[in-house]
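For reference, chains read A, B, C and D in written order, and residue numbers begin at 1 within each chain.
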Amino acid sequence: MGKINSSQLAAAAGVLLLAVWPLIFRNQVQFHQVLGMTCLYAILALAWNIYALSGAISLGHTAFFGLGAYASALLNHHYHWSPLCTMPLGALAAVVFAVFWSLGFRRLRGVYLGLASLAAVEIPKTIVDNWDQLTYGSMGIVGLDRLPTLTIGGVEMDFGLNVTAQYYLLLGIMLLALLLHWKCIRSRWGWTLRVIRENETAAAALGIDSNRERAKALMLSSYLAGIAGALYAHIMGLVEPALVFNLHLSVLPLVFSIFGGSTMVFGPVLGALILYPLEQLFLMPLFPMGHSALYGLVIILTIFFFPKGIAAWLPAPPKSV
Amino acid sequence: MKPNISLAGVWLRKIACLLALFILGTTLPLAAAEKIRLGEIDPLSGHLAKPGQEIHQGILYAVEEANARGGVAGRPVELISRDDQSKPEVAVNQAQDLIFRQKVTGLVGGYVDSLVGPISQQAARNRVPYVASASLQQSIAGNKNPYFFRVSRLEGVVEPLCRFLTQTLKTRRVAILHAATPGSSEFSDSVQAHLRQAGSEVVLEDKFRPGSPDFSVFLLKLPPARVEALISGGFYADNLILVRQLRERPLGLKAFIAPWGVAYQSFIDEVGPASEGLFGACAWDPGITRPGTEKASQAFVAGFRKKFRKEPNTTTMHGYTSARALLAAIEQVLQGAGQLTGEAVSRALAHLDLQLPMERLAFDAHGDPRYYQQVIVQIQKQRLVVVYPPERARGRVDFSLAAR
Amino acid sequence: MWVGTPVIFTGLSLGSFYALIALGFSLILGIARAFNLAHGEMILLSGYLAFVLWHYFQVPFVFILLICSLVLVWVTIPLNYLLRRLPEPYGLNTLIVTLGLALLLQNLFLAWFSADYRLMTPAWPMVNVPWLNFSFPLHQGVLIVLALLVTGAVHLLLQGTFLGKALRATIQDREAAQMAGINVQRLSLAAFGLGGLLIGLAGPLFAQNMYLYPAAGVEATMIAIVVTIFAGLGRIRNILLGGWLLGLTQSATIFALGSRWRELVSAVLLLLLLYFRPQGFSLKKEG
Amino acid sequence: MAASAAQVCLELRQNKKFFGDRTILRGISFCLEVGEILGLIGPNGAGKTTLFNIISGWQKPAAGSVIFLGQETNTWPPERLSRAGLARTFQSPQIFPEMCALENVLMGAWLRQEHPPLPEAQEEAAYCLSLVGLMDKGQTPVRELPLPQQRLVELARALATRPRLLLLDEIAAGFSQAALNRLAAGLLKLRDQGLTLLLTDHLFTLLEAVTDRVLALDHGEIIAQGPPADLIRHPEVISAYLGTRYCSNANNGGA
């Protein structure tokens, strides 16, 4: 405490910048929109990374995203509860799936775990896709309630329609997730996860039940991913099985995290902050046809030249626990 | 270690400079007061790239055609195209970018309802007219949105198809296979409702994920159920496989009908003789034009061929039609010496009545096309022949081909 | 005709198709530990090449298979050298780099071949089996025979030759193989070479049994991944068995329950397999 | 009974283990008292490591029971045994490769069951690292250390968990004579603090210096036991080390 080092300074400056820039560029609404979505994907990337901190590479996080989105959408559609209430509740559906996941994949590691998680997505996806009475099947649900309007400190914030307010909401949730992620790295439990990631045998020799700790990490991770999915559903106002259970949503957080640096506190956020706006704001307008090729090229080059991720550029934190 | 860090620092700075330049370059208000800017959002890459590109070409053609005539009321038109990658949030991002940064007068394009929906909401919120090229679902047009228009709708497909089934083919036992997408599912539901009303029996209904490599086991279930007609709600690629496997075994089918993917000359070319006798539906084709618009149609085909070195098809025509509608409305506003605002263009769109090759285009209160009606075609001797409705039929249904 | 005969036959043929798609992926993953997400795009590359040969030059199908196999080796071997330069963790980094490569290739396909669907439709006759009162299109039979032949050849290579023994040792225990003096780098090259041959072979089959379009690679990659989990990173013949199991399951599901449950039933079966035999379904249990 | 349980740290009763159709252990029984240092010798494949794995929970015995501090622990997973006070090292050292040596040891001190506060754990980690004589290597990434020093880091980490019983598997492999002497002195000091030790070694030098008693294992059986000085002259032990031919002769002779 007390001493402020360069990495904390950089973090504070970054957060401040994220909080202040929309006030300066008031009229650049499309930037608010894209940066808002960036925050949403950063939440997903942070969620993915909390599980990855325990050494488990998941290729199935879209299952949590989709379950969060669908549970929240169904509660909203059938019972007309406010999104404020359906989002935290709906994300619990993702946690339920995480419990089954933890039990079922106890013995799997490495590539096998990745492949199994990829396959596991089919279960919620196909059920949602075919339970016509409850979920309307492949038709999806349209006309979901928007995020509500709240009055905070006398300022009316319309999170549903005002893109700038929406950005601040997403930024706020993202910062909360970042705080959680920070706790997951810089805490006793965080080191437990790291110990499991580095050597499970040695971790067990220290009395750490790696399955239990990994399951805990997954619960947390799935809840966050579920929240991200629920937010997505209410921001878009619609859900569809093929939309929210999508391989792309499993790969995206992985790419963001690895690109940014998956062992660093700011890694996943940094990856999202660079890659998503790069694609949406620059590559797509400038190269409507060839943007994804350039995007692919950026990913390839980064891994070759910055294998530890972009966050390795940040000033290093002090060498202590 | 040290030199590395400083090297990274230099790079960081360089990249930061580049980025800053980029931001400046792309955010500076583009000075071209004269030009009318149209925004287009379509899936130009990914799974839906084929229809997306086709719509894009149709729109592009309409814009260049307008420019070749000296622009709209003397002002040149610029088309700004964007890819939505078949993801709604990307569509929203790009719509925002087009509306706020590019300051477009109107939006066109859009394939698949989950993408058209969010774009239409952006359009409404920011008072920019949006003419969707290919959108079917009822719910999209349901909520009153004075800025949203579309040139197609589901009823225009389902109605003629079901009437053809019950009146011309007189089938009693029908099977439906559709894709696990919202549009295809709604199509299936709608067809089932229509057919039940007409007294036909839907004896088998199933759906599949787009991209399934095999339908032959599903087809094995048709003969025991004594199915007379198979309706496929699948898309182009699904029908490619389905039709090949359909022809491998005798199934005793009277008809195979697919509204999407079959009524294309390219489909016939890919599938070859196996396509003979199949039924499809389309709104337009180089050989299938609404009576009275043959000349316009031929000019379009000739011009399109020259420009893109390929044949236009019904998807291209949807793109072309939507762009024509938007351009016509803009022209009306400008000729009326009104301000070129979103409200004015929308009002003009609402009162539009155009004679276009694909349809007589006028919108109802929901922004739906009043007269959109597809025709049923049969593939005979490797050509598309209109067989329904009777007033537009160019040939008779060849049952011998169908029952092969 | 018993109604199950065509169901089983279709399942076997579909499974053989799956296995042929998966072989290259599985070998490269097993031996070189490289997670090639651009697998499907490479199959597409071979498929497009096959389409060009077939459509514009009317090359006979057998020669197309041959040419495509040989050409694709010259795609995978440079890839090997590229991926070898990656730092640890190798598996994860290959996953991301090949994802980027897949995006790149998809765009190239879009630019070269447009978004149109292309497929090869050589005319295959129907074959009649009188004593079963059953007939099937020849290309389905060709798939089964080809899958058996290729699997058999790779199996023999792995069983009979020194290279094969080294490869197998590497699949089973990479570190131990390294300690035993096996040059893992050279083996990785061999794996990519052999993998390229198999990917090249799968291309024309994909172009013939599915269809080509720039984004079709994702489907091929998914098939390869699923079959690889079914088989486990073990013996090569498991891939054929895994493919057949998957194909038969899917056919039976479609017949008994309907197409809509196809993915669910195969996923559940797969997870059960993983649960009870985490290292692939016919590897011996380790102590 | 209760009194003897307090005295006995670890007891094995008729433990058996099979692998496929091979028998690894055929009925091992012995008792280890609190504060005792017991050595375990035997040629390669005698079953030393299997026995270690069974005691520490990594493998389950096919028959028989393991009693640790009065509780039967047959079915316990390794982490539970570790929390109960059993620490071990591995033949190939199990370290956290991305951490430095001090962090490795800190993980033992900080993450143990009592959850001590960080400063206390840091102090203890530094102390444990100094016990094994690696204080100057504290900041070195542990994967850059030579193998014998990695073993010492592992030992220090095991000590940092404050175990009651410590199993050391081939800890001294590759040690110089000086390092061996230092290690022996350290182990004896630990015993004086109440630690119970069970160690295997390929060579006899360490065992001779520290153990009270040595068990000789061959083909999954205890063939001899006694003070190290006696055992080294035991005919069956010699034959076991010299080769199977002699060994089978000796067995026949013994029968």
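Some points to look at:
Everything that follows uses one rule, which is that a residue touches a chain if its C-beta (ideal position, glycine included) is under 8 Å from a C-beta of that chain, and two chains touch if they have at least 3 such contacts.
Since the model is a prediction, treat every value here as computed from it, not as a measurement.
Comparing chain C-alpha centroids with the centroid of the full set of protein C-alpha atoms picks out A as the closest. Among the remaining chains, the Cα-based centre furthest from that of chain C is the centre of D. The geometric centre of chain A is 34 Å away from that of chain B, both derived from CA atoms.
Chain centres here are Cα averages; for chain B and chain C they lie 35 Å apart. Each chain gets one centre point, the mean of its Cα atoms, and the points for chain A and chain D are 45 Å apart. The distance from the centre of chain B to the centre of chain D, each centre being the mean of the chain's C-alpha atoms, comes to 73 Å.
Of all residues in chain D, none touches two or more other chains.
Looking at chain C, residues 106-107, 110, 260, 263 sit in touch with two or more other chains.
For chain A, the set of residues that touch two or more other chains comprises 129, 289, 292. Across the interface of their complex, chain C is touched by residues 57, 104-105, 107-108, 110-112, 115-116, 118-120, 122-123, 125-127, 129-130, 247, 251, 254-255, 258-259, 289-290, 292-293, 295-300, 303-304, 307 of chain A.
The part of chain B that touches chain A in the complex is made up of residues 8, 12, 22, 26-27, 44-45, 81-83, 85, 87-90, 92-94, 96-97, 99-101, 114, 117-118, 121, 125, 137, 139-140, 143, 179-182, 184-186, 189, 207.
Interface of chain D with chain A (complex): residues 56, 77-80, 82-83, 87-88, 90, 94-99, 103, 106-108, 110-113, 115, 118, 122, 139, 154, 157-158, 161. If you check the complex, the residues on chain A that touch chain D are 188, 191-192, 194-195, 198-199, 201-210, 319, 321.
Chain contact summary for the complex, chain C toward chain A: residues 29, 35, 85-87, 91-93, 95-97, 99-104, 106-108, 110-111, 218, 222, 225-226, 228-229, 233, 260-261, 263-264, 266-268, 270-271, 274-275, 278-279.
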